[in-house]
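Labels for the chains are A, B, C and D, by order of writing; each one numbers its residues from 1.
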């Protein structure tokens, strides 16, 4: 008897789709029933990626153009790996038919304020009434509501790194935050596989620079969740940079405290908040005053977080490192599936770093 | 009921040991009973590598100083991950007590001619009578004798890449080989983790060079197997180089044919030999005239092999790419274990490339 | 007739020494008379670095153990490339004899407050009375006093990148700065050539992390100059990171303004201050709202600076990129020499990026 | 009085053109009078490359669309940096008017046998009668005829590395060569700046592979010169590979000798031939049995060559490293100009490696 849930992946041939396939191929409680791709329709996965995929259970899986309406309810959950604007379109087409769960890896349902969405994404939202139904899937922070959720808006990669780093201290009531500067460095895979001059080897190797230095679309997402956690209106200043490597995000976060701050044992208190929040977590390792290394998290679903309190300047510096495609996308998506269906949270996600 | 075999890893804290742990942690038919390390004795694996390992079944596993004689026969197989000269020492201590199988990842039992061994390794062999007992564990080539073997000498990384590339054409009887030049390029992990000036970032990054350009110790190993397969005395000229990256070996092999060669449809014939030899193999992919890419094999247990016949010069060029720590060491070791115990050959080894 | 000034380099075999040699070899107005190195005494430069140096005028130059007292005054200027603490020792030995100019590339005379020096460097200063004689050699900012200076304390690499980026806005009187966070990323050459585990290829390649995340010794140097320029007591929060490449520093600077700030056309004003300060500079290029790229400055003596004013959060983000060994050390040292001796400021320093 | 020669660069905005500008800007005996570029016509160099070029004498130089016929003879030499097929077209237009010297960095006049040219380049040659007029500009080998040449066909990058490595031993009369395998590894800049999928960062970084593994167009060029030097018909088997870095070529050359070879002191003899050929050369360093490193030659005009004689297999292994854009293109072009005009051969070319 096969008691695995059946899932579908819509838009399965990009980075996040492939990563879902790899994870789910090794998952005890789930199996891929459908996978769609306009580009590769009718082709076997094992034919499209013969050189990089070595699948245990899915070597016969074949891309289809789209899931027929009548077949939708033969799956228990759908992962959406679609470009901005396409998720809401797809959801609008299936939402009244499909009874199962949806995990959207795109950005369409993350921003709860539709005006904010339209301002930052310069696009009309066509399914406003469903935005509130999508729980923001930051697994460790929202686990309880994820358990009961039907729809998940899976977080962006930069927000995952930043919010896991900020959440514990945002809960320290007496902390008066003056400003937050988030300086993030990401591997090139964050940009996908576009054929653009700026992604040529000669323009990235041996190089380093910032991009989208103002108004990056992950800002409203981070602020929304920061404000939810802290119950305060806090704006953040965010700068992403390109690292000359493939995978991973390293964020250095400066939480500037008000100057008149006077809290006894603040450093210990911060430590305690971090420690308590993450001591039982499988996928967040709190390193105390040690600084994470990108290489230790790449290939895993784990976030590494360390902090230092700089008394001289009243700044809490937090360091956060994740794999942008795993904890920052497909890994967390499966983690959310595990939570929603009551599976072991780490099922399929015991992934080791390739380096030791 | 637990019907898994029990294995021990001796010398388990280096590159190949850790890789064995990662693979076996996900293995349906085997479990790690003992793991030894002088450096980390009494420490849990999960304590020693907390940042890079995320184990499903072995998080409680603890390094021990050594396996007690009396406990030896509670395991079915022992993997040896020891420096040159240390394997034979260890084997000499246990061989009369231990009833199980031994897979030696070191070089001590690879060279069958003890004089050759002593010449190339500049070391006396203290267990000559056991050398013939160790089957050379090149899985695809020696599968039938591996099945019946008690002891395995697991191949070196360069020999694995080269021999898989050469084996099919060495069997073409009418082929008259004039000379073979093997030009290999390896990532830095091949050198282990030594603290030497030459392994500093500044000396390797953005750099490329050859090393051990004469008399590398993998030469007698390659020649021994080449001669066994071809039934001819063929000498090879081998040059290893350091690539500015962590993992992987890419070998370009020039098989210079005698000038008076005149074989009808030689190109097709070569293709057929490769195709037939590898068409049913899980861990060797023959790419025909396509050229392998290092990135496609890193993180997997698969060898990719392509060839081109240069009619102008009568040279068969063969390209071969593997992950030096997996197919070139620990991956093939587990593959051999699977073969010896009759498990599915790919159990635990369905590993995907991190890049797609 | 040879009207070139004569210079000596003390401690000439490290990174900064070699870079001085390369620059001075191509300098119209200066020639190297002495170069000292304990390690290479009696050896020709061309013998010590035969593979990487190709000198026009200095191929016969020979390292000496030390400059004899009696010979000191045959040179017009001395460059000191010595480890922390060694510069003051050397200066103490020669200062009463030597009539010429000294350019110290070390840190001993940068900090003007001897208590600050002793606190941050955990070392007693043995030549306190001479500290005030050393002009802080940030060429563009202190050009007028450098012209008249006898002794120069050449700035650190991180301070050079940060101070050139901050100087223009620190002069805007009405600007109320709440806090400054400096997030810097440096190539590995910044750490010199030490044989340490952390500088192994395997620990840096494909990796990224912060280090010295609190109390880096460049902090007092930066604060001292910031306060001098702004006439205000401003503390900075500084974090250096290691980039997986050889050369260059990229700094992202967050100048958090007070929230009640209300300045008309602030963005334009900032632009004007930058533009005016740097429009005639050869070695600082102001890019406006464009973001610098590390690769464009590596190999040159030029700093590239861009900025963005984030109105939403009242933060001025400044981006600054330099070559840490050139503008961040030896290049600026020669620039200072040029200024002190009235040579063309760019003599010897018209260096092009290797990449285009 | 200005007694510098005047030169023109046709097609000056690509890699080789820019490198010529950098070199000539620092040249005592030559100045750039014209530089053409269809893309940047009417723009100043200093405007087109403001971020990477810092020129002493040419900051006002302006790209023009083309040199007017009437102006041609105001220059003494023309460098052609044009795509395949375009050089002969340009030469055909000016050859009867222009009295000065031409240095063609392209491939159109390298192959002396027009049929060979047309076969390998799949293009009709429109100026066959002029092919013999172009001297193959391998500076060290053909210096004497370069001195008297009017037209130069500047060698390709791979041929430069290979031929400098092979020339000395090709002159050893008693040496019987069975076959030659040339295994070359090149940085990405060799491919120019094309926007192609294969040149994306994600496809090259952390990767390694061979390309054009058969019939690369540099083969006939190498064979032609090998045959000229050795007076024998020798075919070579050549394989280029892409290294994950920007600049440099490293070639490993296997000269397989006939098995019945019996030459007394062959190793010493080879050493002597190399030593004698290169002992007075500025731009070829013979390292004896030491192996070159790519990083030592990048940024310089120097070739580093080492060799090892493998007695076991009767193979001479030669290692050769150059900067593909300098000694492999623009550097050698200026070296040839220096030779032709009787300037110091190293004028403008005393370039140091950026790393030490």
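Following the convention adopted for this analysis, a residue touches a chain if its C-beta (ideal position, glycine included) is under 8 Å from a C-beta of that chain, and two chains touch if they have at least 3 such contacts.
Quick caveat: nothing in here was measured; it's all calculated off a predicted structure.
Visitor: Would you mind working out whether subunit B and subunit D touch using mostly the same residue numbers, over half shared, or mostly different ones?
Guide: Answer same: the two copies use largely identical residue numbers here.
Visitor: If you average the CA coordinates per chain, which chain's centre is most distant from that of subunit D?
Guide: A
Visitor: Does A-C or C-D have the larger number of C-beta pairs in contact?
Guide: A-C
Visitor: Averaged over CA atoms, how far is the centre of subunit C from the centre of subunit D? Could you give it in whole Å?
Guide: Their C-alpha centroids are separated by 37 Å.
Visitor: Quick one: report the Å distance separating subunit A from subunit C, using the average Cα coordinate of each chain.
Guide: That gives a centre separation of 40 Å.
Visitor: Give the residues of subunit A touching no fewer than two other chains, as numbers and ranges.
Guide: Touching at least two other chains: 202-203, 206, 244-246, 293, 298, 355.
Visitor: Spell out the part of subunit B that touches subunit D in their complex, as residue ranges.
Guide: Residues 178-179, 181, 183, 185, 202-203, 206-211, 213-214, 235-237, 239, 241, 243-246, 248, 250, 252, 254, 256, 291-295, 298, 308, 310, 312-313, 315, 317, 319, 321, 355.
Visitor: Hey, which residues of subunit A end up touching subunit B in the complex?
Guide: These residues of subunit A touch subunit B: 15, 18-19, 22, 25-26, 49-56, 206, 246-247, 282, 285, 293, 296, 298-302, 304, 346, 350-356.
Visitor: Please give the residue numbers of subunit A that touch subunit D in the complex, ascending.
Guide: Going by the criterion above, the answer is residues 188-189, 193, 195-197, 199-206, 244-246.
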